[in-house]
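Both complexes below contain chain A, partnered by chain B and then by chain C.
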Partner chain A sequence: MMKADKRFAVFMVLPALAVMLIMTVYPMASTIYYSFTDFRLLRRNISFTGLKNYASLLSNEYFLASVWNTVKFSLLAVTFEVVLGFLTALYVNSLKSLRLQKVLRTVILLPYLLPTVTAALSWRMMLSPNYGIVNQFLAPMGLPVHNWFRDIHTAFAMLVVIDVWQNMPFVFLMVYAALQSIPQEQYKAARIDGAGTIAQVWYITLPNLRTALMLCTLLRTIDTFRIFDKVNLLTGGGPAGSTTTITQYIYNSGIKSLKFGMGSACAIIMTGLVLVLSALYVRDIMNQRSI
Partner chain B sequence: MSSVILKNIRKSYDNESFAIHDFSITIADREFIVLVGPSGCGKSTVLNMIAGLEDITDGELFIDGELMNDVEPQSRNIAMVFQSYALYPHMSVFGNMAFALKLQHTPKAEIDSRVREAAEILGLTKYLDRKPKELSGGQRQRVAIGRAIVRKPKVFLMDEPLSNLDAKLRTQMRSEILKLRRRINTTFIYVTHDQTEAMTLGDRIVVMKDGRIQQTGTPQEVYSRPTNIFTAGFIGTPQMNFLDAELEIRDGIYCLNAGGVITVLPQDKQNNLRSVNPQPVTAGVRPEHITLGDGGKFSGTVDISEHLGSTIHLHVSTLGTDMIIAVQTMNAQKGFASGEKISYSLDGRFIHIFSKETGKNLERYDYGTFGL
Partner chain C sequence: MRKFVLSMLVVLLLVSSACAEVTSLTLALRAGTYSEVIKRCLPAFEAEHGVKAEVLELAEDDLHSKLALDAANSEGAYDLCMVDGSWMAEFSSNGVLADLGALGVELDDDIIPAATKISYYGGKLYLVPYYGNVTVLLYNKALVNGKPLNSLDDLLSVCRAAKESGKKGFIYRGDTENNLVVDFMPVLLSFGAWVLDGNNKPSVNTPEFREAVKFYLELIATGDAEAKDDLIATIDSGAGTMGVGWPGWYLPSESSNADYCAITGRVSNDGTAHNANVYGVWTIGIPANSTHKALAAELLKYLINPAVQKSTVEFGGVPCRYSSLTDPEVLAKFPQYKVVCAALEGGVYRPVIEEWTEFYTILGTELGNIFNGVKTVDKGLEDAQTALEQLMN
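So, the complex of A and B:
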């Protein structure tokens, strides 16, 4: 009886397991494998090269620059997203009118609902030096017309701005939900204890939001680390490599030039970085839970 | 001196309807007042207005002789204990109790001694380093009380502080609150929907319904002289029995005619009822004031008998309604079976007579003439 049950269970899980193996474990394993080879798509023979790919990557200044760009992008975007999302949530939650709260909630969420490609393309049109609406506003005011995505001083910042614009709503939503679940009586007690508005935020709101904020930071860090679509669509990694992120680097020097072995090594390094970062946050969140 | 005076206080949340209508009461220094009433009657609203957590729409609030309508909560010299404890979850027990003093920039040494003193009173010394999560419900409630007493408030407000506790713990905490009161001796305003708590804790209780005061008085007064059917039914367990009857005058003497049985009312009720016209009334009799016995003029059939230990509650069909009769187990020679016929009698001294029309008690009490 037991045995038959067990066999049935295994049988039922099998399809899901197979899909998972094919979809995740296989690509993962083959990426790890290729990263130790000199695999190129148009070449017949593959030979094992050990750590050569890694060694050459770590001494390649373009790759290192792309790592630095990614880290910088991630730090900036996540910081602004979390801070702005938090402040917006605080503001909307403090509004007396529930109707206004509802309206604002929807409006703020809109950018997050757009597919990234659509959002990126609309930004490209708005910021276009020829027919873009932004420059048409700037020109009459005597301000210089900019080619935002081709100017080495603005390209990177524009990517950050667009990512913040699109993903701040996510943080807003998480924090707003967490705010709603803070028991009002804690605020009442604090008011009687003599806490003003700022003290209430500091002693009641922030500690109660800690887990939500950590979670947002974690998810946004992982996500920004993998940024590709915006970069590829808007700047292609330029100008002068100033917006080349790791993914864009993989795309340029691994996929486009068909050097899959090298590309795989890149991908493994990136995964490693994300894992390390997330491990730090995850541990902190877990600690929070157990308090 | 920390009296609390509410003068014609009204509260509207939406500018259309009133949650509190014309609420007036004078609470003496060091009095223990209990606000009691069913859910939604406005008890918390009154307390929140006294605390300054809700604006007062209309009327005046004085604490210690000072008008407090527009004074910030922290400057009112009050402390409040909430039903959900409302402890700060990320602070230790010590941190919770020290919070108000810390915000006032009290010197560290003084904070320490005051918190430790309060912890000592409440038996929390062992737990000062723990987080609220690591405490039982009763301990959390003590921390909430401790947080209030370190502030040495003039007025102590408590909003259903015991209703999250189980029955046994509630009884225990109730007596601890009484002890605490003797110890810190300040004015208490206590909200509950539990009439047992109201009866046992209050010097005076204020019975509320739909934002209005129904009756204010000592527990004994409210119990033995309810001003209307609502108060009569709300205070006392099991609930008072109500039956349709006629108030009649026979040979110049007030009598109650219930289902054809005439009960002559005693002398004090004759006085209290003077000049009331004979009329259909609702008569109220508490279950504990009904006497079972073969000589009884009323008869009924037992539906259910509930044995509660010291008393037995008989649910009896009689006079066209259901009545509960409380029998002391000591006085019951035998158990009661369903369907059993019983007879009982009513004592005129313990019958309450309410107007059928208004629900008001028809007796006019001359306070002080009637021994409780």
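So, the complex of A and C:
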């Protein structure tokens, strides 16, 4: 009977395993293999080049700059998204009127529902130096019309702002859901003990939300590390490489020039970085669960 | 009832087999006016040949990578494709394109000869020039106000005057490496410099190249870096004075705010005139792995027919044909085609080298650094030269 159960379990897992092998393991293995070759799409011959691609990337100032831009972008965007998402959730959750809570929930979620391309194009129009609504507001106030995406001092910040605007609602949603599950008795007891609002947030809300916040941070870090469409559509990595992230670098130096060997090496380095960062969060989440 | 069901099934089978007989051609085209003019010509061909043409409209980079990816398949997904002249070396040396001569396609004398320079490889015809895109100087009529634009010095003085009056002077595309390089090329050519020397070696750290960059820095200091749509809007609205444009972007008329003229290729009014108009000609080819080569060749012959090409002018088409560009009727309605014809006759193709994509990425990156003040002219060009030499070795 036990054997039959085991066979059934294996049988049930097989389809998922097959999909995993085809969709994840095979592409991953191919990418690792190609990263050690000089594979160019149109050329028939592929030669094994060992660590040449990796060595060339790690000594390339523009690749290293793209890694730094990605890390900087991730840190800034995730920090703002988590902090703002948390504060917004706290505020909405504290509202007495349930109807107002529902309305705000819907309004706050709207940017998250938009496809990234639509959001990016809308921002491009809004920030256009010609017909953009942002500059239309600035001009009557006597402020200069600014070219937000072509100025080396503002382009990166604009990308962070847009990403925060679009993805803060995700954090809001997760935290808001977690807030609902905090037992109200804890707050009642704290109030009886004379705890103020800040103390309640610090000693009750935050410890209860720790798993949710860690999960949000993990998911957002992975997502921001892979950012491509916004960068490609809005700045193309410019001006002067100030917004080139790893994915944009892969696109410019690997995909566009059909150098898939080099592109694969970039992708493997990026995956390694994401894994290292994720491992820290995952370990923390696992530790918490085992407590 | 059974008879009815059976007869219905037979009818359905007949209809579906009839439908299956309709051949479908897939066209991979550059999105924009370039594909629009072809789309307008298709219904007549479809009706005449009983075929269905499906058009895939793609951005430049997407088109390039999709054609390259599809080339690896034994049976290709595309039957006809638009190809940028700068991809020719990469595509033809790797067998991406079919020999058009073997399919009965020929180039006639009506096509502007300079535009056919990249059509042949190893004596075989692979590409037919279709859309005569060539750099022109797009300017706002009111801001230029009839002042001469005969040399780069003239351009600089008009742009400086505009800046002093609170307007933007020269607008350039600062969004991608390719655009940075292409918008700079007419100035570079006017200084008698080029990105490669006679032996196809990088030549971006020469005195002429440096002079061109220094001049360009003065020129762009009067204006701004913008994306294509913003560049056109800025010049059309009168917020900016001029920039390098393409005929496919703007259809000037007597009442339009902007117009375009050929770039003369002179630095000063008494200087030597160089060919300074850079080709962005969109050519048409047939992928070597197309499953309907003969029919695709018929479509290609139809599309480059002089009368068919002339009919596209009405919708923004820019044929590379004398019969269209010098036609009195056409010129009466679109006088700017005289400018386009002159620019096409003296146009310069971007280097036809396999490494062109990497080449412009490296050069564009360093030019971007220089234009944004991240590197000095000397340092930027020195770094570009080193990286390009490594690439070409």
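Here is the rule we go by: the second predicted complex is superposed on the first by the 273 of 291 C-alpha atoms of A that agree within 3 Å, B and C clash if a C-alpha of one lies under 4 Å from a C-alpha of the other, contacts with A are read in each partner's own complex, and residues count from 1 in each chain.
Note that a contact is a pair of C-beta atoms (placed from the backbone, for glycine too) under 8 Å apart; a residue touches a chain by one contact, two chains touch by 3 or more.
A quick note: this is a predicted structure, and the numbers were derived from the prediction, not measured.
> With both structures lined up on chain A, is it a clash or a fit for chain B and chain C?
fit
> With both complexes superposed on chain A, which partner does A:42 reach: first (chain B), second (chain C), both or neither?
Second partner only, chain C.
> So in the superposed three-chain picture, is A:152 touching just chain B, just chain C, both, or none of them (first/second/both/neither)?
Second partner only, chain C.
> Identify the partner contact of A:129: answer first if only chain B is touched, second if only chain C is, both if each is, neither if none is.
second
> Using the touch definition from the top, say if A:186 reaches chain B (first), chain C (second), both or neither.
first
> Check the residue A:62 against both partner chains and state whether it touches chain B (first), chain C (second), both, or neither.
second
> When the two structures are overlaid on chain A, which partner does A:256 contact: first (chain B), second (chain C), both, or neither?
After superposing on A, A:256 lies in contact with chain C but is clear of chain B.
> Taking the superposition on A as described, I'd like to know which of chain B and chain C A:287 touches: first, second, both or neither.
Neither: A:287 stays clear of chain B and chain C.
> Between the C-alpha centres of chain B and chain C, what angle is opened at the C-alpha centre of chain A, expressed to the nearest 10°?
150
> Tell me which of chain B and chain C touches more residues of chain A.
C
> For A:106, decide between first (touching chain B), second (touching chain C), both and neither.
A:106 contacts neither chain B nor chain C.
> In the overlaid three-chain picture, which partner chain does A:235 touch, first (chain B) or second (chain C), both, or neither?
A:235 contacts chain C only, not chain B.
> Minimum CA distance, chain B versus chain C, superposed model, integer angstrom?
Here the least C-alpha separation of chain B and chain C stands at 51 Å.
> Touching chain B in one complex and chain C in the other: list those residues of chain A.
none
> In the complex formed with chain A, which residues of chain C make contact?
Per the touch definition, chain C meets chain A at residues 61, 64-65, 68-69, 71-72, 90-91, 94, 96, 174-177, 224-227, 229-230, 233-234, 237, 239, 355, 357-358, 361, 365, 368-369, 371-374.
> Can you list the chain A residues touching chain C in their complex?
Touching chain C: residues 41-43, 62, 124, 128-131, 147, 149-150, 152, 235-236, 238-242, 252-253, 255-259 of chain A.
> Name, in rising order, each residue of chain B that touches chain A in their complex.
Interface residues on chain B, with respect to chain A: 48, 51-53, 72-74, 78-80, 82-84, 86-90, 99-100, 103-104, 131, 133, 147, 151.
> Using the touch definition up top, name the residues of chain A that touch chain B in the complex.
183, 185-186, 188-195, 199, 203-204, 207-208, 210, 291
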